[in-house]
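Labels run A, B, C, D and E following the written order; every chain starts at residue 1.
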Amino acid sequence: MAALELRSVSKAFKASKVLDSVSLAAEEGEIVCVFGPSGSGKTVLLRLIAGVEQADEGSIMLEGRDVTDTAPEARGVGMAFQNFALFPHMSAFDNVASALTARRASPEAIRGKVEKIARLLKIGHVLEHAPRELSNGQKQRTALARALVADPKILLLDDPLRNVDAKLRYEMRLELPALLRTSGSTVLYVTQDYKEAMALGDRIAVLLDGGVAQVAKPADIYREPATLGVARLFGDPAINLVPVQPLASPSGPKIGIGGASLSLPASYAHAIGKRCMLGLRPESLAVEAQPSQESFDVDLVAATPLNEKTLLLLRTADGRELLASEPNADEAPRRHGPAFARFDANAVLLFDAANGRRIAPQSA
Amino acid sequence: MSDKAKDFFEAFKAGKMSRRELMAGAGKLGLSAAAANFLLNGAATRALAADFNWKKFSGEKLHLLLNKHPYADAMIADLANFKTLTGMDVTYDIFPEDVYFDKVTAALSSKSSQYDAFMTGAYMTWTYGPAGWIEDLNQWIKDPAKTNPNYNWDDVLPGLRASTAWNGVPGGELGSADAKQWCIPWGFELNSITYNRKMYDKVGVKPANNLPELVETAAKLTKDLGGPYGIGVRGSRSWATIHPGFLSGYANYGQKDFTVSDGKLKAAMNTPESKDYHKLWVKMIQESGPKNWSTYTWYQVGTDLGAGASATIFDADILGYFMDGGDNKEKGNLGFHAFAANPAAKAPTPNVWIWSLAMNAASKQKDAAWYFMQWASSTEHDMFGARKMDFVNPVRQSVWKDDEFRNRIEKSYNGYLQQYEASSPGARIYFTAQPLFFDVTTQWAETLQKMVAKQVPVDEGLDQLAASIDKQLKDAGLG
Amino acid sequence: MADIALSLTKVDKIYQRRGKPPVHAVKSLDMAVERGEIIALLGSSGCGKTSTLRMIAGFEAVSNGDIVLADRRIDQLPPARRGVAMAFEGYSLYPPLTVRDNIAFALKSARLSAKDVEKRVAEISRLVEIEEILDRYPSSISGGQQQRASLARALVRRADLYLLDEPMGQLEPQLRAVLRGRLKSLLVERRMTSIFVTHDQTEANALADRIAVMEAGVLQQFASQKELRDRPANLFVATFVGEPPMNVFEAAVENGERLRFKVTAGPTFDFASSEIPLPVRQAIGGRERAVVGVRPHAIRLGGGLNEARIVSNQWLGDQSHLAMDVAGKLLVAVSHKPIAAKAGEKIRYDAAAADLHVFDAATEAAVSHGLETA
Amino acid sequence: MTAAAVKSHEAAPRRRKANLLPYFLSLPALLVCVGILIPFVTAIYYSLLRFRLNLPMLKGFIWFQNYIDFLTDATFWHTVRVSLLYTALTVGVELVFGLTIALLLQKPSRVNNVISVLLLLPLMTAPAIAALMWKLMTNPNFGVLSYFVQLLGVSNFKWASDPNTALFTVVLVDVWVYTPFIMILLLAGLRSLPQQPFEAAALDGVPRRFVFFRITLPMLMPYMVTAALFRLLDSIQQFDIIYPMTQGGPGDTLLVFQVRSYLEFYQYTNVGKSAALLIILWAITYALSNVFIKQWLRLRERARGLA
Amino acid sequence: MESTSFIERILRGAALSLIVIFFLFPIFWILLMSFQTNEEILRIPPSLFFTPTLSNYAALITGKLATVSGTLDIAFMKNLWNSVLLSTASVAIALALGVPAAYAFARFKFRLGEDIAFTLLSFRFAPPLLVLLPLSLYFQALGLTDTYVGLIWVYQLIALPLILWIVRGYFEDISPDIEHAYRVAGHSWGRTFLRIAIPLARPGIAAAGLLAFIFCWNNFVFALILASADKQPVTVGALAFVTASGIQYGQIAAAIVLSVTPTLALALYAQRYLVEGLSLGAVKG
């Protein structure tokens, strides 16, 4: 039995359908990251589960219990809101304790639990402060503590790191998994940062245009995105996409980029003749000074350093812009001008141009 | 006014002529005075109680609606005696005149039983009577079981009795045989001239004897005094502007508001004589009236006189009386003068205002209310007010004959009694009784305002007024 | 330096507050910007970067010091006469005007010919991709679009200096990369001297010729991005610049036969003196304590003296971020290859002498960077 | 879960339980008000009657005769004209005056804040009381304003008692009482406007006149419309000032709707006419406020979209 | 930065001074008048110099009005008390009814919701007399004539729409997520409303209540028609200082001063809320 299950849940606001028959399940103790661009319905999904919005269709099951019509307070979920939603007229302590007071816990028990979670989240020293006196990071931790303190079976986190600064976000990204594991909750974590999703999720559910585009482990999604849309969302810089039409050749399928004819693995033989999109991750594109087999001519337009990587903006002979990234930033600066690019044929992604679905390689 | 009904002023005049006789005879008069004194020290309570079961409604609670007025003040000052006499409790709401009649209308029109009796003027009963909001008091006056034997209804000046009785027929004569007694007269006022003797002396003029003279005198006063203006009359957009000096003078010129034929009314303000009169009146205000005349009610007219801001008023005699006393700046400086506006007229024809008591038809304790009304209009109470309070112009003949009252007035108020005696023979209500009284008079006042402001010429204004009133009469089925 | 467009000399900003101590928001700021140069003002919120920008624009009076732009002293001039154009961070568009009118407003009120205005508006809106929304009102477009419109409104003007306050903060990541490139080439091509404020290092790195790092009102370092990365002037810059930030630990120093940094309950970095050039050793001198820093990319995993428990291991598709629990803090290592280790396991690590940054424990100023002195 | 089960869920959209809570919360307020509103319906009925309290025998249903009478009555059109003129004047003057003051006080400083609070005082004075105050001040004998006017050499200024200046006088009182209301609303509006557009304009050297008419004023519009709406509703139903000061006079100069219907009812006891007048007033008010509310909603949408 | 010239500052100062004089002089003058005797007031020309007297206030407070015709009892303090009672009770009830309703309109989209809200708002459009005239007839039947209950009920016409209008806007400005957070934490709707929604909207509620109080206090026509002397508030009561021996200007002035003092004091005390309420709630409604 899944700890959390959504069955064909739909939700519309006025005329626009935000969620269209979404089904999703999370196992007990699992962290599922709900990831998608803004407006894809992630937050609404979470709010439906929390019960602060009502689903139009479908049902929501928590531990086998249908809670579709249950009031939010009776669902036993914990939730951290994107904008923190702290109670401005209560101290941080009372904010955190609010989930316990509702359960009529004794004052001593409340104090004990609040202080414990506060220690864990490093906000013990600001418990008596009002929210307006807290820094953004402290607010975020307070909100998190409030969601966590009652050990909810289901924990809903709505992009909790969005409104904190980069450094803190990074730190929390590293710390959160361990913290969430100790709570033992089943976690639904909404984010619009793919790195966050990859870093935190046991699995990622990619939400696109109101529907679930893919649910899979982070590495799998990165490596084998189900659709063009998913592929575009993962990777910084984003994946290069080149329209191609694989042709048959004696040595296996071939594609043409910038006048060069390049080999694809034989496992893509079934794609021959189809109009496709070739997905090339920047890191799988190597730029070399000397031509080699399977390399093609490019013009190196710009080299921009970016976080221990160097981004190379390439222009192919037919005027297409490609981005390559090189991890080793300590090399001598790249000279602009003609160069040769080569991709790792085993790392390419191929999508059906007609429906955007990935064309999986087939073993012969 | 009907021939049949005895004009009370005529009667009084007759009384006056025989005054020496009466005073020599003393009899009744002395008795009355004694009774009043008894009342004052409370002995009268027992005396009254001996003849009549005053305690019949003991324990009941009456509620009155009163206008802020010296008459009401006088009554309130004596109210404890009534309570002792009857064992009833009396409470009251008292409102300033600005809103008083609206309050009455509000209370009566909602058929509210909260007030048992209230103060009113005769004009108002022309609305309240037909609307069925007040009772015909003849039912009580004429019932010996309900009215104490000493009440002596006939002692009330006959003209006042008649003026407060109407048969309800639009244009019907006041005090006719089929008339209903809508209210009991309580105190009244007639319109004459009160002037500032010091100012008159300073400028060297004498009180005017007619309107053309008044226009001149007022203009001279205004010019020579350099500050105070010559003549104060009312000017607010209300019936109250028409009924005092204005209508008194109008009547003196022989003019009427309506002509009545075959039970139909027709506006009569646009006769050539009326137009001449209006022209004089308007000229007087324009030349020598108060600057913001159009907001003037009797309060302002009086206050200005008392404060030395005006030299003359043509308004209620009692208003002048009040301004001649109290803490007014011009206290003791005023003089009173009867006034016949028309140089051709032999005597003044003052229109009267009668403060009266009426009974709410929705009252739940009418008999008890009548107890209050008969007490408040009794000789005893009238006498108390006249002697001890400012209940000037009492309604009972016997009180007018009281020496104590007369002496007091004679002594302190220069020419008041003479004024009264010269004016009273011609004094009565000069309006035609009809339900559109307020519509007509308000519109009349509005027209006057326009004339004074030169928004419309007098002739044209009166023609329009008459036409408009005729239309309204027609709409209401009266014309 | 030959061609200075803007210079700030000993500029202070002190906010007087009623009943409270004054706030010294900018302290004795000296900065010179060359003509055509693109400068990033980088810092966390409240570091004084916005105050600096506003002083240059003329929205805040200068408490001390002077500002010279294009050879004119401007710090006493009203904003309109400074020759500065600015793109604001927030909702700075004129709400009652369409995007087109917003962009054209200044040009029109300067009585430029309608034709010129139209041409310039068209050109700039193509650049920032807002041609479709030119006739919409600011309230009906997205935050990102507003920001681009605001950018266009500033860039459309001819000015001696362009101030851009978080010009890309609201943009979608994909678009941001594209616009960055376009903006940069426009600025370079037209030799538009510009200062932009950002808290995003990626942006600073991508756009700026030089980066001014500010903290607590003080200019910490003003240098190229490579310089900032390789030779941070102090501990603040070291930990502020770089993603993920530099790992730093306070350590006991032993500078003799060997150069050894020993972190209490943490790692030891131990080198033979021969590995370290003499000047560096001399610079470190007889210090007993110092702060050592290693960038995450420089942590070498799978061997070495030290061992730590893995807190998390996150594969982001093209790189692995490994967090270890070291001396009660997190030590982060980044690898461009997947690391096959799980949370809870132990892993060995070390750092090379060339990757070690040393800072004075008290002043936090840099002492040495790898094999060079600071 | 099987695919079939999923299908069945898709096939049957959930019936949403009606949420009774909002009704439960809002109905008491509604009931209390509707209780008061029953008279409103009665008034409509009265307006269709020939109904004079002192001529009870004439009472009868006459459909729209009362209305028709008004439409053909010049004095009624005068009432319409005066009411609208009064409304236009007060709202117009108060808006311009209030805006001017708000602009003068825009910059938050201690002095400005103290002034803005002091200026609230007239607003705290009941209009009826204010009318009384001004009546005293314009009294030709001891009124201080009359005195001042005289000092200025105008000897024959009659304030509310001259048809030429009566409207001016009551408008002046209305302005005195209500300008602070508009001022404070616009001041709050001005101060809550985002500063950046103005900084941008200052930096771009946009002339002040341009900024005011093209930016400030339009941005202030929602506040202006709200202020105008509030005042409009009160102004067209003006009673508290005009009645105590002039009772509609001099002549019929200030015979606005509510004063006229008050007199119709309380002095002439003409219930039918009075009710018809008020219904007409209600219709005018409703129509005017609808225009404003639409405008306001449009502006609000825009303001909301911005935030 | 400082672009305002010296001349401009002078002009501004002059304009502001004139404005302050215009708005404050009447109040100042009435205040002076309230310390003068009738005689001093009626002096021509008016003068700033007089010997202040407290007799006007004494008369009002003791309720003993000395006139030519003797001492009159006036219930001015009773009127003042009536104003306090009517305004306070009306606002309290309007808040009790209006705040939940405002919350409902702000937080729920429900069938007829906007219609109900608009109906309630439209009470602002109804000419008071339109309601009052027939109402005075009905009140008799209901036994509400001349009762505080009846008046307070009618005062809801003033207070309720105002409170709904402002408080609704306030609720709408508060992120519902704060309430959601409290409910998800396990608290019932009722507790959430009381513990979160109301405390957060407190400034708006305070402003609305304050405004409603002032408008109730300042009301004239409702009380004029419906209240007896016993129940009437000061706005009507202040008209009562007219006696046959003249208009008691000093007492009118003192009555004016006394009648506006509570609202003035309240406004000065709470002007911050008022400004906020007037701006936020009213516009964002």
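Note that in this section a residue touches a chain if its C-beta (ideal position, glycine included) is under 8 Å from a C-beta of that chain, and two chains touch if they have at least 3 such contacts.
Bear in mind the structure is a predicted one, so any value in this text is a computation, not a measurement.
Asks: Going by the touch criterion stated earlier, list every chain that contacts subunit B and also contacts subunit D.
Replies: Chains touching both subunit B and subunit D: E.
Asks: Please work out which of A-C and A-E is bridged by more C-beta pairs in contact, and write that pair.
Replies: Most contacts of the two pairs: A-C.
Asks: Taking each chain's centre as its mean C-alpha position, how far apart are subunit C and subunit D in Å?
Replies: Roughly 55 Å separates the two chain centres.
Asks: Return the distance between the CA-based centres of subunit B and subunit C, expressed in whole Å.
Replies: Once rounded, the distance between the two centres reads 94 Å.
Asks: Among all residues of subunit B, which ones touch two or more of the remaining chains?
Replies: In subunit B, the residues touching two or more other chains are 98, 102, 106, 109, 307, 309.
Asks: What are the residue numbers in subunit C that touch two or more other chains?
Replies: Residues 58-59, 78-79.
Asks: Two or more other chains touching the same residue: where does that happen in subunit D?
Replies: In subunit D, the residues touching two or more other chains are 141-142, 244, 262, 265, 303.
Asks: For the complex, which residues does subunit A have touching subunit E?
Replies: 47, 50-52, 71-73, 75-79, 81, 83, 85-89, 98-99, 101-103, 143, 146, 150, 156
Asks: In the complex, go through subunit D and note every residue touching subunit E.
Replies: Against subunit E, subunit D makes touches at 18-19, 21-23, 25-30, 32-40, 42-43, 46, 100-101, 104-105, 115-130, 132-134, 136-137, 141-144, 147, 176, 179-181, 184-185, 187-189, 192, 222-223, 226, 230, 233, 237, 239-240, 244, 257-258, 261-262, 265, 271, 274-275, 278-279, 281-282, 285-286, 289, 300, 303.
Asks: Name, in rising order, each residue of subunit E that touches subunit B in their complex.
Replies: Interface residues on the subunit E side: 38-39, 42, 44, 67-70, 72-73, 136-137, 139-140, 145-146, 224-226, 228-230, 236, 239-247.
Asks: Quick check: in the complex, which residue numbers of subunit C touch subunit A?
Replies: Answer in residue numbers: 44-45, 172-174, 177, 181, 199-202, 205-206, 225-226, 240, 242-245, 295, 297, 311-312, 314-319, 321, 323, 330, 332, 334, 336, 338, 343.
Asks: For the complex, which residues does subunit B have touching subunit D?
Replies: Interface residues on subunit B, with respect to subunit D: 98, 101-102, 105-106, 109, 126-133, 235-239, 290-295, 304, 307, 309, 435-436, 438-439, 442, 445-447, 449-450, 452-453, 455, 475-477.
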